[in-house]
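To keep things simple, chains are lettered A, B and C as they appear, and every chain counts its residues starting from 1.
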Amino acid sequence: MSAASVPAAPEVLLRISNVGMRFGGLWALSEVSFDVERGTVLGLIGPNGSGKTTLMNVVSGVYRPTTGEVTYRDRRIADVPTHDVCHLGIARTFQVVKPFASLTTRENVAVGAMYGRQGGKRSTRASFERAQELLELVGLGRVADRPASDLTTPDRKRLEVAKALALDPEVLLLDEVMAGLNATEVDEALQLLRDVNRRGVTLIVVEHLMKAIVSISTTIVVLAEGKKIAQGAPADVLAAPEVIEAYLGSRWRKRQEQLKEIEAQREEAARVQPPEAHG
Amino acid sequence: MALLLAVPLTHNGYIEIVFRNILMYATMAYGWNMIGGYTGYVSFGQVAFFGLGAYCSAVLSQFGVDNLLADVLVACAVNGGFAVLVGLPVLQLKGHYFAIATLGVALALTDIIANLDALGGTAGMRLRQVDEAHFSVYYYAMWIVALAAILATYFIARSKLGYAFVAIRENEDAAAVLGISPRRYKITAWAISAMMAGSAGAVFAPANGFLDPSIGFSVDSNVFPIVMALLGGIGTVAGPFIGAIILAGANELLQRYFIKIHTLFFGAMIVLVVLLLPRGLVWLFGLRGGVRTWLKSLTEYKA
Amino acid sequence: MQLLGQDLVNGILAGGILAVVALGFSLVWGIMNIINLAHGAYIMLGAYLTYQLFQTFHLDPFLSLPVSFAALFVLGYLVQRLLINWVARAPVLTTFLLTFGLSLLLVNVALLIWTGDTRGVTTSYSGANFSIVGITIPWAKLYTLLVALAITGVMHVWLTRTKTGRAIRATSMDIGAAQLSGVRTAQIYAIVYGLSAGLAGVAGTLISLSYALTPTMGDPFLIKAFVVCVLGGLGSVQGALIGGIVYGIVEAFATQIDVTIGTQHISGSGLQDAIALVVLLIVLIVRPTGIAGKATA
């Protein structure tokens, strides 16, 4: 169940404790708590509006939680300025991808390599070399010299991942990285993520694609209406009734009950009157 | 640039002054280019640094120090410090607000200095100058300052620092996520641009022999460098220089032959450059697709 | 106490003009997202137009108000349609330089026509004033204030009640949606810019009554207009009025500062630009975001 490189005693890198986020009168998140262990892949799922992106924003320091805290190796993320978050070891991709338009693809990634966690030790040339490496890894080697504004959407997503990797993160947050990809592209993306995880990067993946999440996650956390409603191994979580209900809604449950009613009535009727023989 | 070294040999005082001014404006254009072109923070107050640098020289002259090197070093130090100080609040603003705030800084500084009797107030100050025979030393000094600006721009553009600036220009928030502290790098860019403008001013003042607020903080000195950088190509290494030569040269010619309407022409030129050459000449020359791409670029921002 | 009162009144009177100046400036900035550095030039042209009409036809300045407005409106409309429209959606550098270039052009044309000599408009009532509780109020300035108030009132009604006015406000809120509902953006922009120029012209006429005329007279008003807009909020008529008056008062008091430190004499009146900057920075730092409700691109 656990990923390849988990040490004997699982080390908690990221701790989300009792996080709540309020916007105006609305609680987008409440009482969310879980740990993220080194080397794992944590899938974060939930129906639309359940607060997944909000949680990502809190974990990556974009939002300061109204209640609770997120700590990374005992440092509160909310206390760290934006530009230092990656220096801690956390990197993320964004749903709305806006690369540095007038720079080439390679330059885009190189910036991350220059200023990320290991950036201080890298020269300009070393940064470009590292950038090229990462571009090959995500499959963008051939467009390394093109202006980033020329890239197609799937390529831009790859660029996002490459940029995040250039920061040498210990934990990588991926926000709907597979949206809009076709089946082949999804498989390629999953392969890439597994690769990255094998190299020791802990992943937190937010996705809508069930199959993708299931195939890659070691643990899954389910959010609904801002609360954590389930956490555990993929198989267990997906079978849990509260999870199904969260996705399909209470009408589904009522429908199930109605169906059961009708079944019961039919059985009743069958007992009282045997079905007519058909000629 | 190397060619310009030969200018003093013509022993023509007038030409020397013309080219010295070209070098001066070029230096300021490079300064503006650093904060406005590469970092994307359009400043309309660079003349504040120029004037400040000029007054540094004037003050040193009052104390009997007439060494150009000292002038430039002091100007750099003062301008660097001033830029950091003023930059802390002002660089938090963006776009229009930043532009006007910088304009405000320039105007405010002009006012303040004009009111300081110790600095000559509106009457100005005289500086001691070298004798006729050695007058070209000012030209060479300006040449060195300009060269320094060009080299600095060249090396910064290819270095990590340069990429930080460009990243901030393209997408400041994304840059922060990648580990670049916007505040630190914006202030660095501004300090560098301040030192360039200040150095130009520091050499100009003794070369001119006389300094008062209207000369030190003239509108010309503020706007010319910007238009030059725009004409030549913002965010490039060669751009400001090309722009400086063309515009300063044009300005000289206009002043000579059309003195009454030369500012009018200049205004018209600014309008034309803005409308027709928004990306600058360097872009134009590197363009594939020729006239058609150029024409298309003209309607890019049409309402 | 009397001195304070006088300052207050002076401030209010000056603030009225500033409000009209700021209103035009605010319209262009709020609706087109352009900072019009040529605004000062339009003010100047309005003033000189009044001067010329007065000199040649002995037309009373107050009567030339509609003329200023109309003339500058046409000028502004043409300028926008023929020049500015090409770069209407461009970033700040472009529009700044363009309007700056325009300003240079216009100021120099004025310089050629009227030379740099200081001129003035002296009417029969120019020096007349009256006093209440020891505070002197020049008639000309009082009329100016009343006209300014009237104009802001008219503008407010026009923007909220008429079809064009509403189209303008719709464009400023959501240009895409406005276009979809049939609003012709370029046309709206031209009207707005023309309006702004017209208002500047009117301000110029009012100014000519109380101040001296030089081709560069519009410059000080530019930065003050900016500060007033930031104070009062973009695209808001009431904001321009309140901001203008508040600024007028602040400036009236600040220019009274007159101290001597050692041999250094500091007088507030010479530091007008510095005062503007300080006010601006204070406002921007205290309420940096959302002060105008319109973030620039």
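The definition used in the following text is that a contact is a pair of C-beta atoms (placed from the backbone, for glycine too) under 8 Å apart; a residue touches a chain by one contact, two chains touch by 3 or more.
These figures come from a predicted structure and were not determined experimentally.
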item	value
Chain whose average C-alpha position is farthest from chain C's own	A
Per-chain CA centroid nearest to the all-protein CA mean	B
Centroid spacing, where centroids are CA-atom means, of chain B and chain C in whole angstrom	30
Centre-of-Cα separation between chain B and chain A, whole angstrom	48
Averaged-CA centre spacing for the pair chain C and chain A, given as whole angstrom	53
Of all residues in chain C, those that touch chain B in their complex	29, 32-33, 35, 83, 85-94, 96-98, 100-105, 107-109, 112, 185-186, 189, 223, 226, 230, 263-267, 270-274, 276-278, 280-281, 284-285, 288, 296-297
Contacting residues of chain B [partner chain A, same complex]	158-160, 163-164, 166-167, 170-171, 173-182
Chain B contact footprint on chain A (complex, rising order)	81-87, 92, 98-103, 107, 110-112, 114-117, 119, 124, 127, 163, 166-167
Footprint of chain C on chain B - complex, ascending	36, 42, 44, 89-90, 92-97, 99-101, 103-105, 107-108, 110-112, 114-118, 223, 226-227, 230, 234, 260-261, 263-264, 266-271, 273-275, 278, 298-303
